[in-house]
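Below you'll find the structures, each written out as structure tokens.
The same subunit A turns up in both complexes below, where it pairs with subunit B and then with subunit C.
For the complex of A and B:
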């Protein structure tokens, strides 16, 4: 067990190192110089340009060779310092990310977990009820093939613009400030429904199809037939089939996390939801190196940790893994 | 270990519930505000200025500070009315040139800071002195206006200049320098004063007090009426809305949906013409609907062949069908620019004879004739060739996503084709465009950076400033080297606006050299995009007499006449 986890951890550490290095490098190799952008936005007079350029170059640590910038980046990272935003100088990147993360998590976590749970349940049901199979299956195919962003726009158009039952932008009503009140909680939930639905529905479709196909496969497997031949009740057979079918789905969950995060980014932009997605867009538009780096670092860590959690959970869920590990010991 | 399906469900549900609770907690803690909900009938909702986080409280950062920081909280010595071309004493009760090189500014008495302390001449002196810091954006006040010294004398500030003061620039700073409280700002370091974001509380003199919303993640920033505003007592002014909520922009489309849902009263983003319907009103009731805020220019890179040839530029200008751009990209929401490019607010300085003689307008035959006369021959493909016989293929770039400009340059490419000039539209990302533009790696770009000001000097400086640096971040993108024109521009700065005769003569010279050489090509006037929702507030700015005010919530507009918009607003009963 320890060896298994140790090996996994090592792989994750290497992945982390490579991903962070790429994360550091990408904004630096994009065309466009962030300080020029800043000066252009400032409408800095040419006479002030020299003083301002040298001031900002130093402030952002661009006055040292690239290899040193890279080392400084790692040193700062281990001190929990993600640097200072360029476009919003001198706001620390961490402050911007900290402000946006709760919104993104509030969308992502429920969307991932609930769609996984509901998709698998409905998929399993569809596999044994013909009527359901004929409706849920095509609907799921449509949903899973729909880009989250497009679905978001359609939902906004139907429920916010046409029916006017739900708000279209933001995370809470414009007349409110976040506070410990029922009014705020209600407003927050109302604003949350549409972006959540856009993420939930697309993921739901994928899980439902996957589970439906897996269940059919498992029900035809030898162990199911054997169980049935022994006279086990159908319910029990299906229960075993479901549990076996769940395993590849969980592996799928680990693989799908990245895509869901990317989906959340575009959905947030559609709804002007003040999470990491919206922040990413402004960071990219402004060539805000440190902010781009910070957000991606956060996402990389999020996806890696979630994968690790799934890896560990797998040990408990799938007895064969444990048996395999015991055997190897 | 057995995992039951219901267990997954429970975990998911519990996690979700917990997360929502956690979120509410974090958000509330983050904003540090108490629960507030504003009565609709007393609140003005606006949007269109704020794109960056609501956490910059530095009046020196005129491109980034939160909406209303200067105007609502901090105020300026004077205000400038661009529609009437007049200055209005504000925190200064008056000011005048007592001789050609000495200006005396009198500080208004009876003004108090929002913390109760009186505003004095010392605050004025302090506010102008901090501009001496080299990294201060308004540092040119000390460096370029010819200012030699500034002294406090009684209740006045005496500004002494060299032999030739930069009157135009000085006037510009008179309504653009925020007066800040010395007793608060003295605790900040020089770096903080010039480039920091500064902290709460905001101690100002203006009509509104900060209410809530400061923070990197905040969607809105709100202000509450200052019951002790000096102008109420001294000038009898009263702002209409008790609360103002400024909404941070997400996307244009999302903001427009919010406006159409009635959640925004003042909408300062671009919106298509079809949005002006029902309760949505604009400054003019018919085309072009909006005031003109700036000119859209075509910048040809004058270091590239054949754009370095003025005859080619003149032919290019004649080839562009601006009328078609106006109908196709803007559905009539903008007007064609005067050939001088000068905004309608500077109409009185435009010399009509000069324009009649040297001006240009869409004329295919004339463009072709100019090219032919200048020696450009047409190739077998119908396109003109460089004089050395090589092919011409010019790119014209605008930022990706700027849909109105993207359509516009396609029209430009098509109309240039009529005279045989090959133009390929290009849509790089904004950051890439800025980089290429600054370093001269482009053929042609569109630009509209300069806004309303008290003087066309700001426009000519934008076009002619020399020397050319390796990176041109804000001026002379076209890299046009014309020392004579730059000297004329500097000369304009040194003529007082009151010296109308000399001013007009200098303007005529500038307009003539501009039209003869056409270093940049003015196309159309971009609007001061403003839609008013008349459901909750009425008496908005309009072309009707007595309502001529600027309509923008954008930075640097409040100290023009956008504040008057607020003092005239009335709630709908």
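For the complex of A and C:
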């Protein structure tokens, strides 16, 4: 178990190291100098150009040798310093991200957990049941092939524009202030349900397909046949199959995190939901490089931590990892 | 997209595909084993409705992408027609609020989607297969290094890394975009191929090839790859569909080429121009339907192929 978790931890540490290095290297070694691009956008006077160039060179830390820039980047990172937003000068990047993260988590965590739970349950029900299989499976294939932002657009069009029952912009009514009141909670929920549904439905399709296939496979396994031959009720056999089928699904959950995060980014944009996705879009539009880099690092850290949580959960779920017989892959 | 990743494994535990059925001795004058194998494949393929439906969908959209642009009245980005026009016999899919022909954008967008899918999926396929074969066959430190690389790229969210790369490197063509997508979406394929190779390389026929002194690369190409050809085909299909979805997200974020048309960019424009609030459904519905048609078609075709290649699944 220690070895299993240790190996995983090593992978995540290397990943983090690589991610930070990429984050540091891309602005510096990509063609096109970000400072020039910034200045081009400002349409500054020629004499102020020079002052600005030297200012930004300092701000980016470009005035020291490359190896020192790299070290400085790490030092700043460990001080929680991700730089200062250019578009919202002088707000630190970290503060902008901290403001956006709760909204992204409010969408992501329920969407991931509920879709995993519901998708697995429905997929397990559908396996080897003709009528259900023939409805759930095609629907799941359509859902899993749907781009999340498009589903978001369609949901918004149906429920906000056409039926006018739900709001479409922001995370709460702008006349309200975030507070622990019933009124705010209601407004928040109303704004939350559509972006959540877009994420939930697409992920749901994938889990349902996966579980349905796994259950069929498990029901063919020797232990299922043996159990059935002993006269065990179908319900019990299916329960055993479900537990075994769940293991690869949990491994899949770790793999799917990146895709769900990607989905959240584009869905938030559709609904102008004030999370990391919308922040990414404004950062991209303003060429706010520090902010883009900060969001990138933050997303990676989030995914790494989530991976680690799944790995630890896996140890509890699969006894084989505890005695060192097998890993999750 | 996400889930199809782990679902590729045929016989979900990763059991190798090579249930070599004993070939019955062909009577004289009968078709050779190879021909017979092919016709048997076709026999089962065209009796599998999932394969036929999926292939039909993909081919239908491919046809639209190839021949559709021949029937456009205006260039996709021309401000040619009335603004916000409903679909009519003149503008089949209506027009945007800038007066652009939505049908023209749609068919050209399909072309970009197929380009990104083919190039991006192709690159990811080559990388995934190459790294997977090498890691699985070589083992030892080569495997350790490649597996670490695979795991690292696997954990990093693809879209996050694409955002940061595309933000600095201005993407001017769909080929560039496709290359970026391909370079980041191979890891799960590499892992799957590695596992398969791992179990195949201990087989007798591989040992014999090795004893006969054949080169490693040749053993992989002539002995191992053919024994998982169906697996490799299905992998390509899933990577193709995945690349289209990722490319669409990038275009939706405005990180793709701005001077040509794609389905993601159509959604982006529709969203930015408040097509939603105006209720211009003819503008934002087609791009999504196009993507679902192609990617969903690929996925359903993949299930069909799974049943064709794996007789155990056929009766279900």
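In the analysis below, the second predicted complex is superposed on the first by the 280 of 329 C-alpha atoms of A that agree within 3 Å, B and C clash if a C-alpha of one lies under 4 Å from a C-alpha of the other, contacts with A are read in each partner's own complex, and residues count from 1 in each chain.
Just so it is clear, a residue touches a chain if its C-beta (ideal position, glycine included) is under 8 Å from a C-beta of that chain, and two chains touch if they have at least 3 such contacts.
All values reported here derive from a predicted model rather than from experimental measurement.
> Figure out whether A:252 sits in contact with subunit B (first) or subunit C (second), or with both, or with neither.
second
> Quick one: is A:70 in contact with subunit B, with subunit C, with both, or with neither? Answer first, second, both or neither.
So A:70 meets neither subunit B nor subunit C here.
> Figure out whether A:156 sits in contact with subunit B (first) or subunit C (second), or with both, or with neither.
A:156 sits against subunit B and subunit C alike.
> Under the stated touch criterion, which partner chain does A:164 make contact with: subunit B (first), subunit C (second), both, or neither?
In the superposition, A:164 contacts subunit B only.
> Check whether A:293 is in contact with subunit B, with subunit C, with both or with neither, and answer first, second, both or neither.
Touch status of A:293: second partner only.
> Just to be sure I read the superposition right, which of the two partners does A:240 touch: subunit B = first, subunit C = second, or both, or neither?
A:240 contacts neither subunit B nor subunit C.
> Pick one for A:209: touches subunit B only (first), subunit C only (second), both, or neither.
Touch partner of A:209: subunit C, not subunit B.
> With both complexes overlaid on chain A, does A:98 touch subunit B (first), subunit C (second), both or neither?
first
> Quick check for you: in the superposed arrangement, does A:22 touch first (subunit B), second (subunit C), both or neither?
The second partner, subunit C, only.
> Touching subunit B in one complex and subunit C in the other: list those residues of subunit A.
Residues 30-32, 156, 160-161, 168, 269-270, 285, 287 of subunit A touch both subunit B and subunit C.
> Give every residue of subunit C touching subunit A within the complex, in rising order.
Contact set of subunit C toward subunit A: 1-7, 11-13, 148, 151-152, 154-161, 163-165, 167-170, 188, 191, 241, 245-246, 248-249, 252-255, 264, 267, 270-271, 276-277, 279, 281, 284-285, 287-288, 291-292, 295-296, 298-300, 303, 312-313, 316.
> Would you tell me which residues of subunit B are touching subunit A in their complex?
So the residues of subunit B touching subunit A come out as 1, 3, 5, 8-9, 11-13, 15-16, 19-20, 22-24, 26-28, 30-31, 33-38, 40, 43, 45, 51-53, 55-56, 61-64, 134-135, 137, 139-140, 143-144, 195-197, 212-213, 215-220, 222, 245, 247, 249-251, 254-255, 257-258, 260-261, 263-264, 429-432, 434-435, 438, 449, 465, 469, 471-475.
> Taking the complex as given, what residues does subunit A use to touch subunit C?
11-12, 14-15, 18-19, 22-23, 26-27, 30-32, 34, 128, 138, 141-142, 144-147, 149-151, 153-154, 156-157, 160-162, 168, 203, 205-207, 209-210, 213-214, 216-217, 220, 248, 251-252, 255-262, 265-266, 269-270, 280-281, 284-285, 287, 289, 292-293, 295-296, 299-300, 303-304, 307, 329
> Quick check: in the complex, which residue numbers of subunit A touch subunit B?
Touching subunit B from subunit A are residues 30-33, 36-37, 39-49, 51-52, 55, 59, 87-91, 95-96, 98-100, 102-103, 105-106, 109-110, 113-114, 116-117, 120-121, 156, 160-161, 164, 167-181, 183-185, 188-189, 192, 242-243, 246, 269-272, 274, 278, 282, 285-287, 316-317, 319.
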